[in-house]
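The next part holds the structures, each set out as structure tokens.
The same chain A turns up in both complexes below, where it pairs with chain B and then with chain C.
Showing the complex of A and B:
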């Protein structure tokens, strides 16, 4: 028993190392005077320099704006879709579910290209809003599947109880369904935010000439070579992501704590 | 007349609730009793508005509500699994309908408090729904449904989710609470004891058809057919033929002998089933104190149940269940399997039905 535990423990730490070592290496590099020589000493120089380069701040702002708007859009769409379709899921043909899952399964290149062609067909000017729509449309599928799971977990009688006590259909949604799936909604929003924030391919196809998101900017800088500023930027992005994950986990933890009483 | 069903029916394709006519009186506790799949729950869901009727109509206080959605009916339901709102505490669960109606806060507080007091859980008002027991959840569900005084309260097997010991206790309390709130109740149950104890009147259903409507006593003592007779309580059956009638006393000839049956003013068919309730038969050690009818037999099995003892007595071609109250049994010699006994009953204590 003891030996078995040790084996499991070793594998656990190996997996953790595999997942996190590259991240820590990037953070480590961000503070090196010469990123390629770990004996060169530590500095805050690159981080400070980062704050002085508007060429990076502008794309970061754009990416955040797009991520917030598209996440909100896709969560609204996906949640409403799940709320509306879950009760009648049994009546829908199986192909319908597949259709919703398609954006997740399709290679992003195809999604990006088809969205581009679609926007061109509609004669829409490529830019901020086309990227927002593109991001919202593909993350809505993820949101839909997360929310379907959340809604399936709800007691269907609860819905009936609310109607029975005098709630109109929209009141059932706002006063009973939504409060009970709120943790899922927030989780889905964070996922949609992350999907949009680090998306490269779809942004690449749908952004047109004028708009640069952070991943696009990083890509264009990479063509010149990995600069120390990029390491600094990575450090900040890891910081933001960790922060978001911590919010999610702490919400889940506090909920569990309440459940235990 | 709070609730009236006029030929209300529902066709699900596979299952059909045949046109149902019921008049539920004001202040009455009405039970829909039957085995699972008899349509009782469908009938209740039609009343609540969760199913739409295939045909027929439903009247609440004289107005047609057949096509109204649940939230427009002044009818509330206590659900089988309570269906409390997990995101709200006990107080807010009970206050739900009042908040929807945007009542003033002082009124909400007063009425919720009153409802919680009625079901004796005032002290739980601030608890979360996952911090209370099954019996307490049951009380919250009840308080939530009665707080704004609906015209009719529907109860969907309200006690079935509780464990047996608690169920008996809650049954008594439910009866007391219903007396106090003076609403009109319709309850669905498959438990005949529950129906007998709680209802003023009940409907016995089977395969989507309502077989009989009446008071518990009428249904127990005067069932319309052998299904109703058996469903409401244990019964022994003797098949026979009426051979003679003198002033309302019929002589019934059967394989185990000839018996007297007293039925006044009712025309009986020739071939009948004689149904005897186990508690209306007495078991005798000797042939003394005999009533109108007597059968001889041998004890096959007996179960001591504390308040009574249940015997299975074998006769020539039949087996009878007979109950003996403890007070009666104590006075007499104990019986063992194999003992020879006599069973006796009065001629007016049997149920007569046409033979199936």
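Showing the complex of A and C:
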């Protein structure tokens, strides 16, 4: 009995080690004098060099801008949707539910390819805005589900009371509903931001030739081969991603979604 | 017919009751998800001319081509690899899920979080981590050479094994979760009853635990298996140029072969399989829900 449990526990920790080892090694590699030799000693040189180089700042800036705009867009859309649909959720036919779930359920490749064709047929120029729209198109549904949960927790009598006291529907939203769901809105925004910042595949399909986000930059360097620049950029990307996910985990509203990947 | 009429009636009533604020969201979903998806579906019935243009001529040829020997071979190879990878995830994932399900208190959630944090780092970075470890210059080969276990680097990357490791690495937690929740739902008194009736641990496992979780585990596996089939980056970066993989062949139709209709047919087929899995999952949820109610 005891031994069997010990075995299961060992497997668990081995799996965790297997999952973390590649990422830790990428961090370790960024400080090696020779990235191909693990005994070559440590240096800060590559990281310092990277700070002076536009190959860090340009893609990082693009990634941040896209994440901020698309998160704001998807939070507005998803929150409005949740505010409108939660009270009548029981009446909605299954078709609606499926439609809302669709962006989460479709394999990312399909989402990316279908958006690419859509943009091309509309003769939109691929670049910054197509990526922003594409990111918001999948994260709006995540926001919706977070916000539905938040709104369900609210006391419906509050809205009634506001209406009885003469508030118009607009005023009810801005003065009663929104302040009460604000923590949820922030959690949802952070989740949408993280989804956008970490996204590779959708950006890869919808960005065209001119635009480079941080993950796209890492991908293109990877195709060339292992370089100190690639290791440095990867190091920064891991730092930022880990920071974001730790914030998400610490917030009750978004923790559930982290576990669903 | 009356079913269809009822359905459209209920859609109409629903449409009337939707408040103005939700219309933005619903229109956004229709415009940015549904229409692009139907463009792919529609495109799959069109024809490509010799010059790579699209001709509006409704036909099923692209689907017939998909069942051509060349693509059938790719499909079978991909199915096989994804099947082995899913099975491996299950074998490795089961003890992990079992361990987590048995934990009490904060360790349960901590364990799950620990499992998922790597998946919130960027996908490309995870692939790069695997390249750094397993490449010809990677840590593994450096060590093997250093301790003189081998004379020349072992080639793992850019082979089928590389793709296989990449698939397991990237999908494992997504299989742990369904197994974990199936184990969580399992009534502990069932196992006790089985012990009381004289069954041993192994007998209990195969006759009580497995039959009770198998459906949940099966559906969970489908949701790992299907996206694996469409995987593009893993075979592209970890597999060799010779390794044809369904997702890569599909994406290449759009970018290198310039054959959108054929690529769309493949994408449509993949989505149809995905939808089929969803229906299965819904039915399973409904069944297990009813079982609980009874």
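The criterion applied here is as follows: the second predicted complex is superposed on the first by the 209 of 261 C-alpha atoms of A that agree within 3 Å, B and C clash if a C-alpha of one lies under 4 Å from a C-alpha of the other, contacts with A are read in each partner's own complex, and residues count from 1 in each chain.
In this section, a contact is a pair of C-beta atoms (placed from the backbone, for glycine too) under 8 Å apart; a residue touches a chain by one contact, two chains touch by 3 or more.
Quick caveat, the model's predicted, so the values are computed rather than measured.
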First (chain B), second (chain C), both or neither touched by A:43: neither
Which of chain B and chain C A:72 touches, first, second, both or neither: neither
Touching partner for A:160 - first (chain B), second (chain C), both, neither: first
Which superposed partner A:180 touches (first chain B, second chain C, both, neither): first
Touching partner for A:249 - first (chain B), second (chain C), both, neither: second
Residue contacts with chain A in the superposition, chain B compared against chain C: C
Chain B versus chain C as contact partner of A:171, first or second or both or neither: first
Common interface residues of chain A - those touching chain B in one complex and chain C in the other: 258-259, 261
For the chain B and chain A complex, residues of the former touching the latter: 48-50, 69-71, 75-77, 79-81, 83-87, 96-97, 100-101, 128, 130-131, 144-145, 148
Residues of chain A that touch chain C when the two form their complex: 5, 7-9, 11-12, 15-16, 18-23, 25-26, 29, 36-39, 76-78, 80-85, 88, 91-93, 95-96, 99-100, 102-103, 105-111, 113-118, 121, 133-134, 136-138, 140-141, 144, 173, 194, 198, 200-201, 214-215, 218-219, 222-223, 226, 230, 234, 237-238, 241-242, 244-246, 248-249, 255, 258-261
Chain A to chain B touching residues, read off their complex: 155, 157-158, 160-168, 171, 175-176, 179-180, 258-259, 261
Contact set on chain C toward chain A in their complex: 7, 10-11, 13-14, 17-26, 28-30, 32-37, 39-40, 43, 92-93, 95-96, 98-100, 102, 111-133, 135, 137, 139, 142-143, 146, 169, 172-174, 177, 226-227, 230-233, 237, 247, 250-251, 254, 260, 263-264, 267, 270-271, 274, 278
